[in-house]
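One chain, chain A, links the two complexes that follow: it is found with chain B in the first and with chain C in the second.
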Partner chain A sequence: MQTIILFACLVSTYLMVIAKRMPALIMGFRYQSFFLFLVTLLMAIAERRIDLYSIAGLLLALKVVLIPGLLYRIVARIKANENLGLFLNTQLSLLCALGFTCLSWVFSARLLAPGNVLVTTTLTIAFFMVLAGIFLMIFRMTALAQIIGLLVMENGMFLLASTVSGGMPFFVEIAIFFDVFVSVLIMGFFVYRINKLFTHVDVNKLSRLKG
Partner chain B sequence: MRTIALSLLELLLFIAISPFFSGLITKIKNNIRMRTGQSIFQPYYNLAKLFSKGEVVSDTASWIFKAAPFVVIASTLTAALIVPLFIVPGSMPRLGDFLALIFIFALGRFFLALAALDTGSSFGGMGSSREMFIASLVEPALLLVVFAVSLRYGSTDVAALSGMHTVTVSSLMAAGALFLVTIAETARIPIDNQETHLELTMVHEAMVLEYSGRSLAFIEMASSIKQMIWFLLIAGIVFPVASPGPAGIAHLAVWILWYMTRIVIIALAVAVLEISVAKMRLFRAADFLGFAFVLGIIAVVCAVLGI
Partner chain C sequence: MGYFLFDPLSVFFLSVIALVSLPSAVYSIGYLKGEASGRKTALAWLILILFLGAMGMVVTVNNTILFLVAWELMSLVSYFLVVFDTKHEKSVQAGTIYIVMTHIGTAFLIAAFLIMFKYAHSFDFSAIKNACASMPAGTKNTVFLLLLTGFGTKAGIVPLHIWLPYAHPQAPSHASSIMSGVMIKTAIYGIIRFVIFILGAHCLWWGIMVLVLAVISCLVGVIYALMEHDIKKLLAYHSVENIGIILLGVGLAMFFLSLNMPYLAVFSMIAGLYHLINHAIFKGLLFLCAGSVYKATGTRDIEKLGGLIKNMPYTAAYFLIGAMAISALPPFNGFVSEWLTLQAFFLGAFSVTGSAKVFLGVLGAMLALTGGLAAACFVKAFGITFLARPRSHYAVNALEVPFSMKAGMFFLAALTLAFGLGGAAVIKILSHVAAAATGIDITAMKFSVNNAVISPQAGYDIYLSVPLLALVLGALGIMGFAVYKLSGKGKTITYTTWDCGYYRLSPRNEYTATAFSKPFRIAFSFFLRPYRKTQKIRDSFYHIRSFKYETHTTKVFKKYIYDPALAMIFRSAKSMRRIQPGSIHLYLGYIFASVLLLIIFINRF
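Here is the complex of A and B:
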């Protein structure tokens, strides 16, 4: 069951990589976070830990409901829903993502002792999510997409931590959640300001104003 | 002798119930849109009407135009013989395997594309070139699905599908890829739209635009049978069914009911997808089917890993 949900995470990350418009990207993020919530919930049920339950609850509240909702509002407000500013077209992005999956598979197979397929695949998917986040940050030109890239990386880190060490300490986790939420808020305002000042959110064009 | 009779019976069942699913999908879509819509049995009425009507054939058409509907229906029926509907695997004569299925469909498609070019109408040419573009993207994804399934079972026989009793990551991924392929193959919305004859968007409809009467009925019938075959394949992967156990009419009835319910579930999924997404630009089809391809690769890798 856990493996299936993890692969659903993987598929939703792929959906984000091929997304061409902002709402599709946010929807992909919402799915990804939801599947992550399910994984955490399953883990909490299996290990009977109260703190994991609360972390899962926070994950659901923040990353599935609040942050995507906020991003949708920003998109609707600055009307940036059309162009994502693809630096690499979707087919090439998909190929890159496949390459990343392969890379993280090789890496995690080297890192861990062979044998336990479940742990290796979890690690692979976690690494892949981090790489996909970096990819989204580098190859998508709008500021909003870069925020989402950061969030995807954070999701990957969360999964990584929970595989390798059975989750970070409770208070660290809570602190990270609020950090992420506040940073999304701040970056959202930034994007709003950028849009107001420059009438676009294309990061490439920001440097033209120098001098 | 008995197996041949059973196979023929199965084929007749295929022909009899396949238009029902087309009607069902249209009905579900209309209900979601808060419309009354046509009856579920409308495809049957359409077929009856078309069979009773005369045919108009262009003067410039060659024999290909006249032969194509027969090739299409024949290849589809052959495919229907390969895919087991009810009959327990092992009891049917081995006509061909999964790979044969793909190429039998390709034969029908090839003739339909030729026939569309034959009359020299510009819509036909557009339709067939688009159809070939989509087909070239569909085939790799489809082959990967076949590899994933047959790696798990150890045989490329289609009946092997009903021999898988558990659902794994590999089979789910394969089913996902097959679902996207089915959308493309049955001319459903993100790729093609069956309901419209708008010149800029139609693919399958553009190819059959010149047909009328009995030939059109054959082509329509072939596409609904083809659709049912795809649904059956997906259902075989996602909802594996054990062969009927000890006899008993009640048991058998439940079994048949569950068999049909599986296809209805797939049809429901297709209808909901059609309602909830918009038609894609033609060149976005490459992204759509590229995604199916990636799902297929993941399915194969998972099948090799055994998860």
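Here is the complex of A and C:
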């Protein structure tokens, strides 16, 4: 069961990598967070831990409902061109993503003792999510893609922590959630301001500001 | 004493600092009046006190970390002194050159100290001294070169002197006097303390290298000084020259130490230390006099001065004393120490064999040449500045400086004479300092007897008594004057100067500094590479309305060493700019690429 959900996570990340428009990207993020929520919930049920339940609840509330909702609103507000602006077209991006998956697999297999396939798979996917997040940040032009890239990285980190060390301490986890939420708020606000001042959110063009 | 060390060497340097700083501080009371606002004057005093404290710390700490802290503090505070006169844009530029150069020097020092720490596992001088005995020869050579470069930058050894003629003239005059008189000497302290005292000068080539660099500094310094018409810059170039003379003594001591000739080593060290204290005194005096001239006239360009001896008799007299001392004329102090250095060369040349004989002989000759050129330079500096008639309105309205400034100059002028006449006593004290620095037992050696200096190597006894010399010179002078008076040629006749029938002689017809230095410019043209620009504006073929003549010399070191190096740095900075386009994506990409590389790299193990 867990493996299936993890693969769903993987597929949703692929979806984000090949997304061309902002709503598609946010949707992909929503799916990814949702599957992450399912993984956490399963873990909570299996281990009967109250704190994991509450973390799963926070995941659902913040990353599935609130943050994507907020991002949708920003997209609607700035009324900008909905295109993400790709430095790398979708086919090549997908190819890259597959390459990263491979690399993560090699990396995880090296890192962990052979035999435990489930843990290795989880680690691979978690690591791939981090890589995909940074990939999104680099190869998409708009500032919004960078926010989402960061969130994807954060998701990857979450998964990474829960596989490698059985989850971070409860309070740390809570703190991270609020951190992420606040940073999204702030960055969203910035994107809005950038758009207002420069009538676009193309980060690539921000380089003109330098002296 | 914890972190401090008061051996004879440290105490000697402390007293040099005190000797020059006190009159300079008194001088600054008058000098700063009217120059700056009250708060700025207070700031100047604060900086001055910090500066003196830092210098005092440099020569007394017994720990490399504290030494570096004090060294850096000294550099920074002196930087603020250089840029103190914020009115001139030149000050800022000079300060930048200074601070860049001094930090390059400090970097070399840090490297040397770290290597020393690696062997000693301690920052303490005595522990390092013990550990240096077991240091491999190659490492020792590296440490020596690092130390020489580091301290050489501060001392202003050619070709690291580049900052000195910019920075020293730009500081207020009392500060230039301390910087030139004392601060660059702390570098000599460093060389003596770290190279001779701690590392131990065992290799012959160390001494030879120091000697060669020193003699180059001497000649380059004095030749550039001859070409210079800014009086403070001229003095700054003379600092390069005199650091060379001091290092001749120190280098000679290293040379003899490695040849195991203790008598001569101590003697050369005495010569070097004696010239060090002398240079501090007369260079301090000359900078104070130059400051007085600047304060009175508002210009440092000697081509615009002249005739100041009538308006400023005291300053002129003090400047003359300083000039005679720096030109090594008896009975002033510069004479004694240069005589000692020359003696050290000659005694050395008699005591060694083979090519070393020629080497020392040539160096002695070069030192003599330096002395001669310095005298020529000060004939120019004194003659053009103080004699003849004023060449511009700057010099016409000059007034003698206030009492506090005269007092500072008087004190140093008196010291100049005292250190000349009392040479024998000074040498007696310095022999203990030199013994402590070189680690040689001197109880069996004699360097002075009853007011006479004697050279120590048996078989070549040479005596010098400065008071006697002064007496003879004085008597000869009086006799000459008496003969002149008695022969009746002393009658004064007032008449117009013969001017070949021109009838319109003006100060513009006077001898200029440029003209005075022309023979030297031609003689040293292989090094100075002079070039000139002329511009004629004609009314007709036969009549020229105006004629413009400019002559310049090529700054060889700047043009062939520093300019290419700077250009290279800028070029590489420009190519570095290409990876810094300001794109966020690219920066993220760099991070990503390095993460990927690390992952691939980890798979290799």
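Throughout what follows, the second predicted complex is superposed on the first by the 207 of 211 C-alpha atoms of A that agree within 3 Å, B and C clash if a C-alpha of one lies under 4 Å from a C-alpha of the other, contacts with A are read in each partner's own complex, and residues count from 1 in each chain.
Criterion: a contact is a pair of C-beta atoms (placed from the backbone, for glycine too) under 8 Å apart; a residue touches a chain by one contact, two chains touch by 3 or more.
Just so it is clear, the model here is predicted, and its values are computed rather than measured.
When both complexes are superposed on chain A, chain B and chain C fit side by side without a clash. After overlaying the two complexes on the shared chain, residue contacts for A:V106 are found with chain C alone; chain B is out of touch. By the document's definition of touching, of the two partners only chain C reaches A:F139; chain B does not.
Once the two complexes are laid over each other on the shared chain, residue contacts for A:T90 go to chain B alone; chain C is not touched. Once the two complexes are overlaid on the shared chain, A:Y14 sits against chain B while remaining clear of chain C.
By the document's definition of touching, of the two partners only chain B reaches A:T121; chain C does not.
Contacts of A:T3 after superposition on the shared chain: chain B is touched, whereas chain C is not.
In the superposed model, chain B and chain C sit 140 degrees apart as seen from the Cα centre of chain A, a figure rounded to the nearest 10. Here chain B and chain C sit at a least CA-CA distance of 21 Å once the structures share a frame through chain A.
Of all residues in chain A, those touching chain B in their complex are 3-4, 7, 10-11, 14-15, 18, 20, 90-91, 94, 97-98, 101, 117-118, 121. Of all the residues in chain A, the ones that touch chain C in their complex are 87, 103, 106-107, 110, 131, 134-135, 137-139, 141, 146, 203-204, 206-207, 209-210. Against chain A, in their complex, chain B makes its touches with residues 169, 172-173, 176, 284, 286-287, 290-291, 294-295, 297-298, 302, 305-307. Against chain A, the residues of chain C that register as touching in their complex are 581-585, 588-589, 591-592, 595-596, 599-600, 602-603.
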